[in-house]
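Some structures to go through are shown next.
The following pair of complexes shares a single chain, chain A, combined with chain B in the former and chain C in the latter.
Up next, the complex of A and B:
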């Protein structure tokens, strides 16, 4: 498994790079705790005013927040840092440094998606899962093995959807190298903090079919608490496979536009 | 005092920033998202009735105003002041024959103009589609504009003195992130301040953050009146004066310590 060995090497290199800036550890810790506090209080303040919104209570909404934090942590673990190298004013597409990436004897999409790791995100992952477990226990749902299995399955599918969207947004840099397209998605992704059911109908439709942020966070949360329907399971699995496939094709097509940078 | 030079600097910054408008549009889009989320969530939760004294149409008005006020008072400038000090390009500020404060003010004005070009049309369209409902009077509009001016003054100088700490530490940006989180929680973004749980509400009324964003909107909507209005303006003025005085002191102390590396 050449690819797994490469990933291990990428992780090692990233650890060496990150540990050379020690103060960053405390800054990262501060950011993680702020993110957790604002997230949890955001849900708590809403449900301090009203007990149920469209059938959603505090623990169920908190579970969705837990999935949101978990997926956000996975995004920051490798997908985000790796793809961000492409875009922006000092990105590889603008500067022409993508030349050096392209000549490597490895699949370019693999390199673009896995080459940089931000291991502090593992801490965020634990926090996210912690919120999720706390919420499910508050719902008085037992954590059964089949539910955990379904949850992990839908979580992988959700990460696939997120990856596909970010890959497609990153591929847009081949048209306009200076623009941070993934930032646009990051804005929309914040809507996933709350259950889809809290939003008006048209937003719900948009977040299911146009930019499936709602699918990414709401369905895994329902899987863990045992509220998952067969339709939802089929939807998230199918969507994940189709989107990853389409995004890969799009990335390949976009790559053909790359003409290096003139010096 | 060379105010003509200052005006030339302001004009040139905003004209050159308009060249990078897509970048600022993406930033502005990101800043609009949290208020938009809470607009949808709260107006949905209010449903056909009311919550915390607001109907769902009034929540829409509140958050549309919040988008504008937040955009007008948010100083993205202060995120770059730290870099200017670290990299030594503050030397240019010091050498020009005009007050150095003109430099951050120039990018502050430029940023406002560029982001408003994006935010104003978007919020007008949202207003047309979502039918906000606002009951106010002309004297409240006047008072709210006054509160808005002080809110800008307070938020700019509060961020400025935090950013100036870069004279001593390379990591002052973390404090700006902390400020953003506190604004989110205590300035009326996550919920209007009068709807916060008691502990948070007490913190919001004493600390400066409510007076950076939420207060002008509360004044406009008539949520503060009589004695509370008087006290509110008093507290806001005190914090704004404190922010100006602290930044002046920090500036002079920092400058004495500054060693002009690089540039």
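Up next, the complex of A and C:
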């Protein structure tokens, strides 16, 4: 309850901070539309040449893109901005401002993960979900309640996986303050725009077991269209729980390396 | 009195902190080389220090830049892990960062801000109230009192980035005291502030300590802060504790010299060559006014010599100014 009330306060303060720069709204709107256009164009150009790739057609690939945009929006809503305060450019680890965070009587990982909200990302979330629904409708699949339920469940699990990866990458900053480790992940995450099945076998394996960005986007899309197997459901749920647990342990260990900044 | 109340609030035993810092030569070649193989050296920031502080004490923690003051303070507040030694603050081990411990301490840093920059201070205070689990009534009452004491009614609704340095420091202090900590770590709270704001801050801290008995550990390079607030000082140099006691005692017992200020009669005033007794040295000379520095034990004999050799119209024996003593200790590294 305390944590929910805190999240409400963080959201309130973040809205106040974001609205103090009016031009931000228009820049964010433009960014969202550009992101959507380039994403859809990429998939459209590919499937304008060929009807199916490894069994994947245009609407199914579009659904994966929809999940990718939705997950990106969730990331930009709070995970990304919050971790940026910690490990981003001029972040707290680099500047030494983590001193204040460390003397708060609340869970440090919670503070590091939820304290900054970028509410403009809600617009991206709507666009992402819009693409997803459009794609499912194009597949001539009915949006049944069980499928929507499974989709939401896998979406939460996928967000958990993404969060765990970003938390672990951010924690690397304690070894080398000022280095943007999450940028390495961003390069790989781009591959999640397309269905896992589109890639050759070894890439598919890497995107499932090494950096599971394929799992993050493909499985929720399959859940919504009713193509989800029990194995896939078990995989994403288990992976999410294990990765969040491991990333939390890693983050806790990394905190011990904090050397602050000199006065 | 219960046994808990006589327990020191802060107890430090054999505390040591060693940092491992990267070493890199200047120049492009060295930069590239350091990417492949990085060299490290170990820096002992704090070397086996011991002290204890009782409840309600205001203690000045002084020493030259890089002495290890801030590092020690950060270990006491649980921010940094000690390399070895024991710390007990309010019955807790700080590095465990127990929430009950963190609720009873606070840290205010003169060179860093805990305020949210783009919004008014009131909104940062509101978040802090939530973080420390303050009830609405408790929050309101404490805030009103702090705002009154600090005279910051008109600052509450301006974005922090538009406030002056002094106004920001008032906000930092209010933010740090909102949860009524029992121990307050103050690291250079008057850094960069003008004289009247500095005085106001000191008055505030004194009054706050009187009202609530908060234990304060203060680092400051402004000796005026320490003189005004701290009857006791702990002096560290190169990570070693070299003095722990009264501030005045530092000058009285540890400065190895006295200052003799004398005014010579006009007939002696033009004396060009001055036979200095007992290895005394002239610190200052302006017409007939002279200031001599003489070894503490030789001071009585030197005075006697001066009075018999010259016609002296005025003579005073003083301890050197505290700043001069501290400067000397900083430079020599020992007392």
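List of remarks:
Definition applied: the second predicted complex is superposed on the first by the 261 of 263 C-alpha atoms of A that agree within 3 Å, B and C clash if a C-alpha of one lies under 4 Å from a C-alpha of the other, contacts with A are read in each partner's own complex, and residues count from 1 in each chain.
Throughout what follows, a residue touches a chain if its C-beta (ideal position, glycine included) is under 8 Å from a C-beta of that chain, and two chains touch if they have at least 3 such contacts.
These numbers come from a predicted model, not from an experiment.
Once chain A is used to superpose the two complexes, chain B occupies space next to chain C without a clash. In the superposition on chain A, A:1 makes contact with neither chain B nor chain C.
In the overlay built on the shared chain, the residue A:106 is in contact with chain C alone; chain B does not reach it.
After superposing the two complexes on chain A, the angle subtended at the C-alpha centre of chain A by the centres of chain B and chain C comes to 90 degrees, rounded to the nearest 10.
When both complexes are overlaid on chain A, the residue A:260 reaches chain C alone and has no touch with chain B. When the shared chain is aligned, chain C comes close enough to touch A:13, but chain B does not.
When the two complexes are overlaid on their common chain A, residue A:145 makes contact with neither chain B nor chain C. After superposing the two complexes on chain A, the closest approach between C-alpha atoms of chain B and chain C comes to 5 Å.
Shared contact residues of chain A with chain B and chain C: none.
Residue ranges on chain C touching chain A, taken from their complex, read 19, 66, 69-71, 74, 77-81, 97, 99-100, 102-103, 105-107, 109, 111-114, 116, 118-119, 123-124, 126-127, 130-133, 159, 187-188, 219. Those residues of chain B that touch chain A in the complex are listed here as 20, 22-23, 26-27, 29-30, 32-34, 37, 40-45, 51-52, 170-171, 174, 177-178, 181, 184-185, 190-191, 195-197, 200.
Every residue of chain A that touches chain C in the complex is listed here, in rising order: 2, 5-6, 9-10, 12-13, 16-17, 20-21, 95-100, 102-106, 256, 258-260, 262-263. The residues of chain A lying in touch with chain B in their complex are 23, 27, 30-31, 34, 37-38, 41-42, 44-46, 48-50, 53-54, 176, 178-180, 183-184, 186-188, 190-191, 193-194, 198-200, 203.
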